[in-house]
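Paired with chain B in one complex and with chain C in the other, chain A is shared by the two complexes that follow.
Right after this comes the complex of A and B.
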């Protein structure tokens, strides 16, 4: 594009002044913005779809302390005490139990208030169903999945219903995996109304169920196979915007509890969260630049400036503090190259193994996990990234989420735990800085 | 799928090397090699499954070098280029660019005849009207309708509809559908201009809004039409090209000016922005008192001006206007909305392309979303969205009306004439007459 065009077709470069800029729209970024909004901190946020769009909807605190552990953690708070001892560098080890409880409580109550009800964090992990019909420990589940946790605990008479054309979820597989311990479980398949042929996506079904007529039609088909089941399990498709209402309506139509089981990505619970945040944040005064990556961050003496652009043109954000919540490889927070792993936006040093050969053990399923899954940036107790010299890179820079080193969230089943804990502490430190 | 295609035609569709072309086209970091095959794009694309294709599959086939299949799949005419896939993609991959490429690659005689014809007509006269309405006819219709309003509606006897007035602040474009088939629909907007005292003009040249050349994938033609329009605005020396309630007309102009590096000595603005500004400034004293029975309204965010251009700021303006017009409690947002909105299925030339069954299948998603709001009126500042939502409403048995903003603004102000009510339902047909 030539200069003349820039000058003549008047393109306003948009500029925002704010106190806090959050880079990243995964769980860590959304949590940071939530905590900031609750504390009255003026906030702007930018980022593409993060891993949040792929999640099951379960918010895990801690499911396993050591990668080699066979039994999942039942009391995650107890597990955290062990973690503090054995992995003092783990991001969650830097956060007190009180703060972690507060972070989960604040986050789940925020999303519940915004229309996706979650249970508050309790003392023990729930045992929840995965898409494959295996079990996993998690701390907070959406209300639409709670009846599944309860039914499993009681081994209730239950039917799992799936839909022809839906990939990534099979009632028969779920039942096959659980039958030994849950004899009163059976599988049925129905045709989803008006989507009888071809591949169908959970997202499409969920949106369809926002319409009362489709709920009725589906309820009729489920009723035909429900038999004497006390409770009904379906893949996570019970509405997109009003899941609790959709569930309640289905329950009313079917005369018994119904619950969701997560599906493989792209899954509805994650899309729900994302759409909710994208809608609610601007209403609460946050400046949200959805689906765009920050190109550059420049630190000045008294503030910092972010540069990015969206479809309409360039945007700059001036802020007093910034939280880097750009995730790991999947989201581009870290990039892997021949000569090692880099943090591409700010060039922060990345803690990694000495050579590429050490990234993985020979067996993918190796119980010890892989070193590459502990890669990330170093922070201090205020979650300020550290430079080569071990000192904070800048007093205005904080980091949260999966970009942090010394955690293997997949094996530890602590994705949300890492995100919420670090976001909570980072925002606390930002608040202190702004004071 | 192309009914008007010449059966004698021996022409074949050349094969594109998608991978190579994508490297040139897609911005750094958004090449489809980065695709995680996560399926978020397909999951939220209303064209998924039609012609056995979906955006993820398109990307994967491109990666696998299945160029022949991709070059010939009719699915490229079913993707409305709404860019929702890009909006939800973690890697920001823009499939619509490849679709545009594929469309342009189809020989003229194989492309959907309706789109080709609309583009040809736009190039046939100085009007740039896709319905082929020549300048003198446009001038005549405007004068004729204006004279009648001045005569029959005494409150507007001094109203004007200036033509080719050099130095006017606003250059206002006009969708051809009104002068061509429903001229009275032009009047509410004139009344609004009259009321706020806008300094505006039509132009006999380059006045038309719609531009199907972009949808035909014909860059040269797209350029030609935009150039004519830019020249027309420059010639009159207007400060602002004010886009009427039409989505793609804005996008083709805005994107075209940048794409082709045209010298445009003016700003582009959207009517919705002006409505919002005039309401805020008190120049358009609308209120919701007329809606005493609590009729419920929702809005459709046209992708072409929201997701693909302005982003959510315009979506917010639009909601401000609607809330002011119908009352806060009577506005129900469609889900999803703003930049995450679904295309209705009227975009990309779909309405002109003659593939009715596919278009309605695509539109079923939108129909459901409208039904979920429970609203009996849908407002949208886009002619394509308007026509499509009306059509799917009739087809699937919806009980809603689709209305333009100008209709409701004039209704609220008590100045909506008898002949200006085509789109109102029986509940509002005679309100305030």
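Right after this comes the complex of A and C.
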């Protein structure tokens, strides 16, 4: 009885009116909201923000193209020209080079302005470090990782420092795999202040380093092992809300540059982006409903309505346009059953292979990549999802990000590229619709 | 009596191993023979072209048959299973989970067969107690609502990995008998009816090795015919039947559940620690290598299994695997499943060889008996009169062998209570210390170990993530320990993921799909293991 009273007291239906609704809070969803905000479009965004925590912090445009062979891409713009030829249905092949540059520039300058500094997109891919000591081509890196890219290029005298108790990150591993080409690289291990025993977690360490005393303590321990190194690499734990400040402070304390190497997910650079967006978007007037899934979308003659609910009761959002950026299997934008793949929210047709047998090649690391990744939603040049008849399902419906068919973001190393390119074009089309 | 093997390097540069008996094939049978001989004071060298349990021994249901499965069509096998099952439960309890088993029929199954079943069991001396369908569903709530009849039998489950490891470990302790993985038999040097030596190849280094022994035992399972051919013997006749099994994410029943009907597809569900194993299908095959599950076989098992346990239709599967059963060709040929599951011991006298024998067929459940028969023959030929002891002496439990036991790792870990001992495999709770122990002293650890070899000796990689995440963590731990000093660790990681994938490929849907996507994003997208050739090279503008 009491329970019910309490419930009815808390529960209240909430309703929002907006121009654009964005479903999904991965990179595509955040990028769409960013572009919409910059264009003065009233926006509401819903979707669990967990997905961003997977990203390393590197923003890839295009790292590999498949011709006869798989080649690493040095000049991604050149790579895109090849892609247009070899994979004309690839979502990025629908976006002009100028638009792509603009999308990356706009997105990186937005997040830089909001306190997480990224380099602007250049002409060439950077070669960045991974936690296994392998190398990854990527276009934009956060400022906290830039010194690593530079140190690698110069083969600088460098020490990688790791922390006892941090699983899955071994400085010795990074060094062992790079020492052939980078002789002046060495590994050291220190105890993280006040986390000396048992397992320790990047997120907790990053938050600890927001506190000056912890930075002092850590710097002392690193100084003890730094030797004649010109530059220091550490796992990505340099602060959560102020990474650039934390890095600058550590640099000052240690008297030389320090850089981050991504860790295994959940990774701090991803969590930083998420927390930044969650903080900044509402300040800029965007309605953000971060932890919930949209249950239903109903299209009317001149608008549409989203329904979802959270602990406090049902929520409805009425909008003029909607961008579906719900990702793939990992995020629930697509679901795979024993007999086929579906798009669960709207029941959109999914381009897929005839049988489950064709989802994967026999070899996991098959150079061609697996067909399963190329399954997805079909769109037109305005990034409107197409129905069975090949026509847009609804003029108010757009799609962006990894849910799109005809791309293999994993093998192409083009996750952010697909997300930003499609979000940019979808928002452009929304803007046109709203006019 | 004990002679130690010695290694010499002859003028050819080829290393030579000397032993009393060379046992070819590191399945449970070969491992059992090594121990049986060691208990008689005979020194052995066991080789496998891959590693322990690479064949049927590592790809079966893990059912310690009560014998009830065979009562209707193979009385002798049924009796053997009953006797051997009882011995193993008594002497090697560390490898066995005495779950008990149920035979159940569902609506539409042959009533006549069910009626005769208790009589068949009685004839084989197998205890069999009928319970009502309601009682059965109380014992096993997952059973179908259309369950008709149910019988309780003394089925159990057995961990074949641990069984093989324990046999090898005990043989090593007894008289320094040796196990050597990745060593393939290539040819025999035969003179006047006697094998003088065997030529082997180390499949990792490519090195050729010579083994000089007094007796040679072919325990090659499904490969036994091929190995016999190498010795010029034409008296082993095998057909091959491929079986495919599925591993579920959760353990669905407490007991072994058998369908009460003549053996067919998808009619046995065997619990194993935290999972259940469903199977099997049966398909004639010509090929012994590259046997991989197909989507069709997976679907068939699920369809059939769901008639007994409806949850099988929508439960989460983490793995499928296939292995080949050798079918002794002397008996029946129309139906592979009714061909005898008995075993054959061939002394090859008729092939004019005096120091070679072949043991093949049979079952995991009867491996001890097979080893006994083979060792009797070998010992007799060597004029060793010590009697077999494996039906009397308990199997000692070796510390380094204990990590294969499902659900055991967490137990040891909690007992040790050491917060510094970080868990590397979260699904199965395998700690650093387990990995340390395995690389130091588990059987076969003498030479460099790969991630695959470590996984074989532990539960690492056997849980829902199938090694996708712990493989990365274990590799970085091994780098940390200085075990890996160069890119070998990356290559081992790639090979390990490739290998685990073979078992995942046909069961990727639902949550497994989400997990697989994440795994590939990490392995390829982030770490670049798909492009190891160029990933460590410099980009042009850097040089």
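Definition applied: the second predicted complex is superposed on the first by the 418 of 435 C-alpha atoms of A that agree within 3 Å, B and C clash if a C-alpha of one lies under 4 Å from a C-alpha of the other, contacts with A are read in each partner's own complex, and residues count from 1 in each chain.
Just so it is clear, contacts are C-beta pairs under 8 Å (C-beta built on N, C-alpha and C of every residue); 3 or more make two chains touch, one makes a residue touch a chain.
If you're wondering where the values come from, they're calculated on a predicted model, not measured in any experiment.
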### Task
Look at where chain B and chain C land on chain A after superposing the complexes, then choose clash or fit.
fit
#### Entry: Which of chain B and chain C A:54 touches, first, second, both or neither
both
### Query
Comparing chain C with chain B, which touches more residues belonging to chain A?
C
### Query
Which holds for A:208: it touches chain B only (first), chain C only (second), both, or neither?
first
### Query
Given the touch rule stated above, what does A:310 touch, chain B (first), chain C (second), both, or neither?
first
### Query
In the superposed arrangement, which partner chain does A:90 touch: chain B (first), chain C (second), both, or neither?
neither
### Task
Pick one for A:176: touches chain B only (first), chain C only (second), both, or neither.
second
### Task
Figure out whether A:199 sits in contact with chain B (first) or chain C (second), or with both, or with neither.
both
### Task
For A:406, decide between first (touching chain B), second (touching chain C), both and neither.
neither
### Task
Scan A:320 for contacts with chain B and chain C and give back first, second, both or neither.
neither
### Task
Answer with first, second, both or neither: which of chain B and chain C does A:330 touch in the superposed model?
both
### Task
Could you read off the angle at the CA centre of chain A, spanning the centres of chain B and chain C, to the nearest 10°?
90
### chain B versus chain C - smallest C-alpha distance in the overlay, whole Å
5
#### Entry: On chain A, the residue positions that both chain B and chain C contact, one per complex
54, 198-199, 265, 330, 332
### Query
Given the complex with chain A, which residues does chain C contribute to the contact?
292, 294-295, 299, 302, 419-420, 422-424, 469, 472-473, 475-477, 479-480, 482, 484-487, 489-490, 493-494, 497-498, 501-502, 505-506, 508-510, 513-514, 516-518, 520-532, 534-542
### Task
Can you check the complex and tell me which residues of chain B touch chain A?
29, 36, 38-40, 42-44, 48-49, 86-92, 254, 257-258, 261-268, 307-312, 316, 335-340, 364-365, 368-369, 371-372
### Summary
Seen from chain A, its contact residues with chain C in the complex are 54, 56, 64, 70, 72, 74, 124-125, 127, 130-137, 152-153, 165, 167-170, 172-173, 176-181, 197-199, 262, 264-265, 328-330, 332, 335-338, 355-357, 359-360, 362-365, 367, 370, 372-373, 409-411, 413, 415
### Message
List the residues on chain A that touch chain B in their complex, please.
### Response
1-2, 4-5, 8-10, 48-51, 53-54, 194, 198-199, 201-204, 207-208, 210-211, 213-214, 240-241, 265-266, 271, 275, 278-279, 282, 288, 290-291, 293, 310-312, 330-332
